[in-house]
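Below: a set of structures, written as structure tokens.
What follows is a pair of complexes built around chain A, which joins chain B in one and chain C in the other.
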Partner chain A sequence: MSELLEIENLSVRFPLRKSGGAFGAKTYLTAVDSVNFTVKKGETLAIVGESGSGKTTAALAIARLAAGETTGEVRLEGKDILPLSQDDLKAMRRKVQVIFQDPYSSLNPRQRAEDIVREPLDSLTDKTSAEKDVIVDELFAAVGLRPEQKRLFPHQFSGGQRQRIGIARALSTRPEVIICDEPVSALDVAVQAQILNLLRRLQADFGLTYLFISHDLGVVQHMCDSVAVMYMGKIVEHADRISLFANPSHPYTAALLSAVPSVDARRREETKRILIPGDPPDPLNMPPGCRFASRCPVAEARCSQIEPELKPVADGQSVACLLREKG
Partner chain B sequence: MEPLLKVENLRIELKTRAGVAPVIDNLNFELGRNESISFVGESGCGKSMTALALMGLLPEGIGRIASGKIIFDGEDLTQASESRLRDLRGNEISMIFQEPMTSLNPVYTVGEQIAEVLREHQNLSKPAAHKAAIELLDAVRIPNPQSRVDDYPFQMSGGQRQRVMIAIALACKPKILIADEPTTALDVTVQAQIFDLLRDLREQTGTSIIMITHDMGAVAEMAERMIVMYAGRKAEEGPVQQIIEHARHPYTKGLISCVPHIMADPAFEREELTEITGIVPGLGSFGQDKCLFSERCSMVTDQCLGARPPEVDFPNGQSAACWRAEEV
Partner chain C sequence: MSDQATQAPVKAQSPQAPVKAQSPLSEAWDMFKHNHAAMLGLVLLVIIILGAVFGPYLYPGEPFEMVWAPFTPPGTDGYLLGTDYLGRDLLAQIIHGSRVTLIIGLSAAIVTVVIGVTIGALAGFYRGMVEEALMRFTEFFQVLPTLLFSMVIVALFGASLPMITLAIGIVSWTAVARITRSEFLRIRELEYVMASRASGASNAKLMFKVILPNALPPIIVQSALMVGSAILFEAGLSFLGLTDPNVISWGQIIGSNRQYILESSFTVTIPGLAIFITVLAISLVGDGLNDALNPKLRKR
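Showing the complex of A and B:
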């Protein structure tokens, strides 16, 4: 089956001015550094990583929403979307929508729920208002909101209901791809389950492809088909769900998994916590070689000289680590 | 032996626009020396209010202790004067707050903020307190404490700031450390480091820990006993592992099964998550004579709507406030 989304050498960098007044050289903070991956239609790819790893920037760049300088190629159904101009961008935005993390700040407090859901239809399509009304009604039912709630304002909804409005808005143009940026991390645990179940149900009903950004590995294990682990702007491991969780290959992935507290007593006994001391390196002054080398428990001397590339190690599993390279 | 802390029939009322609501409704619990317990529940269930009440920090003019006792080391804190509470706070009982970003003062160095506690409570001189601050930074494993002691909070990462908060909380070797969601704002690897640190410090100093959280995984790692709160009332109490294996309250059961837990060997098929429908009721409906969880419960009967369920004790040390606890 063909890939719906192909990302090639995607980089995002933000220009910064160094101290030194007008003559100071321009420096760049590279948030995403030559990232490659593909997503099949109807699948969910999770991008995981800690704060500052570049996962959100990478996903926003795919929606053409990143503020920095974006280079590389993002092909949606075979067509590169990065060079698109404003008019063509509209057609692309119909196909790529976003669900945001914070349901409190991502809805306009002065708009009624139905207007929020209708807005993408107004700005991106030329449907008649009767058609739009039908679509809005369908979406309210699809995300589990009652018709009489259409006239309410965001403050009259609970956090979970607000996230449902955000989901309905993202669905309104019948997109191919939805970028879910930490869609449940601002919600209460019991409400998280409601939203996660809804997202999976909608994926089956509408044939959606998700790009799922999360730092919660339990949620990722439940939601995704494959996982890309990012560290300091690079993908360090990309694998299908089963391989990644059963057999993490990169030392960073292993450390990340071992850090998750677990209710499963057996897992707690079996997993030995892998400590990664210290902090990530300064992104403005990236060390040569592997970016994880300074914190890696198994690093060798060559790790801080040679930069590893993402290479396949097994069926459906690629890792960027010198120690995992064969031969 | 007398427990270190004993809370009896505690009732805390909060003034709202609609009237007075009991945010904590008849709460009883004990905390032993060097014990670690955990309060679990969704937001708005009264976990943080309990912690604030123990610290004597209820919002002034809005919240008050209506009845009940908080007996700490033989002394009833509900009767203690404001100056006595000031003596205890940060000294015998201290607290780590959720947001390491906002709970430090941005215009003082971290060293000054740690030293302040020592000078206030232990009458240390300025140089002595400064020296102690360096030792504390070292104890919470901040690298190079000699120079970091003069850093301002903005120069530190989130995890380091939370370590500074822990250093402040532990400066006077408190008997009780209250940690209110200490790691929710932090990354998992940093969370694991903070948990390790808290465990080690507890071993060294013999401090009792009360941790407030909504993460069952964190509870399983950190606490021996847990208290599940719902709408201001205790839903269930008991040893952690036992409750995880067999909860006796439908709410606890839901809380455990609604979260996708990370598995040792992931299965190919993924079941739908069990949902707890609806949300925590608003303050207005607290305190009614019925089971407040009834509207979200799948096992509800007429009895649940008619009267507040009593706590049922089980021989294994668990107790649950549910009419049908035996069947759960």
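Showing the complex of A and C:
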């Protein structure tokens, strides 16, 4: 299968003003730092990481929605979308849609459900009103909402129903890629399962490619073909799902996996929790060398001097760690 | 949607009792209806507006005509509210004056909203240098002494009704601009704005179709209260004599009778009461709107 989405050296930085007021020198907070990855058509790539690791910013930058200064290349079907002008963006937006994290704030409270789902059609396509009606009806059925709910307002829906509206909206232009920005983290567990199963079914029905942002490794294991682990704006490990969960190569990944609670008593005893002490480094004053060095349980002296690069260690598994480098 | 909490989450999909599509607006009206003070204000306001529109036909008296002896107390000789220092019918003056007073109050509030919303929306949406420049401009108007500034405008450009309206609007738009800006700052960060952007909405559409409708509640409340303060402002200007002498307004009645406040206080008290009741009614309605449109207070 071909690479649908190729991300090369993607960086996002936010200008910050120092206390000197309007004339003070600018400093930058680099939220995403030279990130590389690819997503194959029809697959799901998960980006996991803790809060502030830059995973959402990276995803929004790919949808051209990040507020900061974005550099690098984001190629969709071989075409770089970052330099596109406002007019050319429309074609790209038809192909890349987003499902947002919080269904309580991602729906405009003054729009009816059908108008919310219709909005991308209105802004991005030239379809006639009748064609749009048909599409909206189909989408309501596809995401499991009843036709008579079309006229309701967002506050009249439950959280899971709201997220279904958000999914219908993302599907309306028949996109290639859907960026799911923690689509279930605001929902309770039973509803999470329904929404995840819906997303999987829609992926099969519509041939969708997902970029799935999450911090919940259980959800990731259920949903994804491959996983990229981010820490402080960098990808520290990129592997297919089975390799990553069976054999985490980066100490940070190992620590993350060990933190997943298990109901299985035997597994619980087998996997010793790896604690990572301390706080992440100050993003405004990033230390040299490996960003995880200060909290890493197996760090050596060279780790805080040399910055590791993402290098393949096995088939379908790359890691940015000096200790895993061969030779 | 209170049944949601009791419903098992697994059944979230199962058909519920059909819910009526209730827009946020009709919900606000429900809320407003149950607010007694606000309804009292609304009833008073409707009476005042009806009086202003139909009064001159029901009570055909000339406000500028001398009809009886000066300072006739209210209720004597068939003059319900008495006569002023020139022997003019006070009731006719109040009825005719209500038109001017309400029109000035309303149009000054409109001027205020148009200037304030435009500046506040641009500042809140674009941030950066645009915001910096527009907010300094707003602060410049905020530090000017309002009454003095409007007096200067009226004195320079003549005391016609449009000029008085404009003067009141120019000195009082800053509050609306600040409220609009703060609402825009809050709403532009919400996910549904980003969702609209992802759906291909242009900046103009985001500003006026997505953010502005959601920013409206506090702006509506502020502009309702602005009508009241514009009426007070106009009364203040007329009291100081800065008014069109050919058009009667409540403030003007007070202003022209002010020398006789000790001998026959009713000539000042009655138009004063009219202003008081009108502004009170508007404030009650504004307060009720605030409660009804503020989602945090709903269902409490």
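Convention: the second predicted complex is superposed on the first by the 322 of 327 C-alpha atoms of A that agree within 3 Å, B and C clash if a C-alpha of one lies under 4 Å from a C-alpha of the other, contacts with A are read in each partner's own complex, and residues count from 1 in each chain.
The definition used in the following text is that a contact is a pair of C-beta atoms (placed from the backbone, for glycine too) under 8 Å apart; a residue touches a chain by one contact, two chains touch by 3 or more.
No experiment lies behind these values; they were computed from the predicted model shown.
Asks: Does the superposition put A:Leu196 against chain B (first), chain C (second), both, or neither?
Replies: first
Asks: I'd like to know which partner A:Thr27 touches here: chain B for first, chain C for second, both or neither.
Replies: A:Thr27 sits against neither chain B nor chain C.
Asks: Is A:Gln305 touching the first partner chain B, the second partner chain C, both, or neither of them?
Replies: Once the two structures are laid over each other on A, A:Gln305 reaches no partner at all.
Asks: Identify the partner contact of A:Leu257: answer first if only chain B is touched, second if only chain C is, both if each is, neither if none is.
Replies: Touch partner of A:Leu257: chain B, not chain C.
Asks: Just checking: does A:Arg266 make contact with chain B only, chain C only, both, or neither of them? Give me first, second, both or neither.
Replies: First partner only.
Asks: Check the residue A:Gly160 against both partner chains and state whether it touches chain B (first), chain C (second), both, or neither.
Replies: both
Asks: Taking the superposition on A as described, I'd like to know which of chain B and chain C A:Asn9 touches: first, second, both or neither.
Replies: Once the two structures are laid over each other on A, A:Asn9 reaches no partner at all.
Asks: Which partner does A:Arg110 reach: the first (chain B), the second (chain C), both, or neither?
Replies: Touch status of A:Arg110: second partner only.
Asks: Contact-wise, after the overlay, does A:Asn247 reach chain B, chain C, both or neither (first, second, both, neither)?
Replies: neither
Asks: Mind sorting out which residues of chain A both chain B and chain C touch, each in its own complex?
Replies: Common interface on chain A, chain B vs chain C: 158, 160, 188, 190-191, 194.
Asks: Using the touch rule from the top, collect the residues of chain A that touch chain B in their complex.
Replies: Counting only chain A, the residues touching chain B are 50-51, 158, 160, 188-194, 196-197, 200, 215, 217-219, 221-223, 241-242, 245-246, 255-268, 270-271, 273, 275-279.
Asks: In the complex, go through chain C and note every residue touching chain A.
Replies: 1, 4, 8-10, 12-13, 15, 18-19, 21-24, 132, 190-192, 194-202, 205, 210, 213-214
Asks: Considering only the defined contacts, which chain A positions touch chain C in the complex?
Replies: 22, 60, 63, 65, 86, 89-90, 93-94, 97-98, 100-102, 105-110, 112, 119-120, 123-124, 144, 146, 148, 151-153, 155-158, 160-161, 166, 169, 188, 190-191, 194
Asks: If you look only at chain B, which of its residues touch chain A in the complex?
Replies: It comes out as residues 42-43, 143, 157-160, 187-193, 195-196, 214-222, 241, 244, 254-256, 258-266, 268, 270, 272-277, 279-280.
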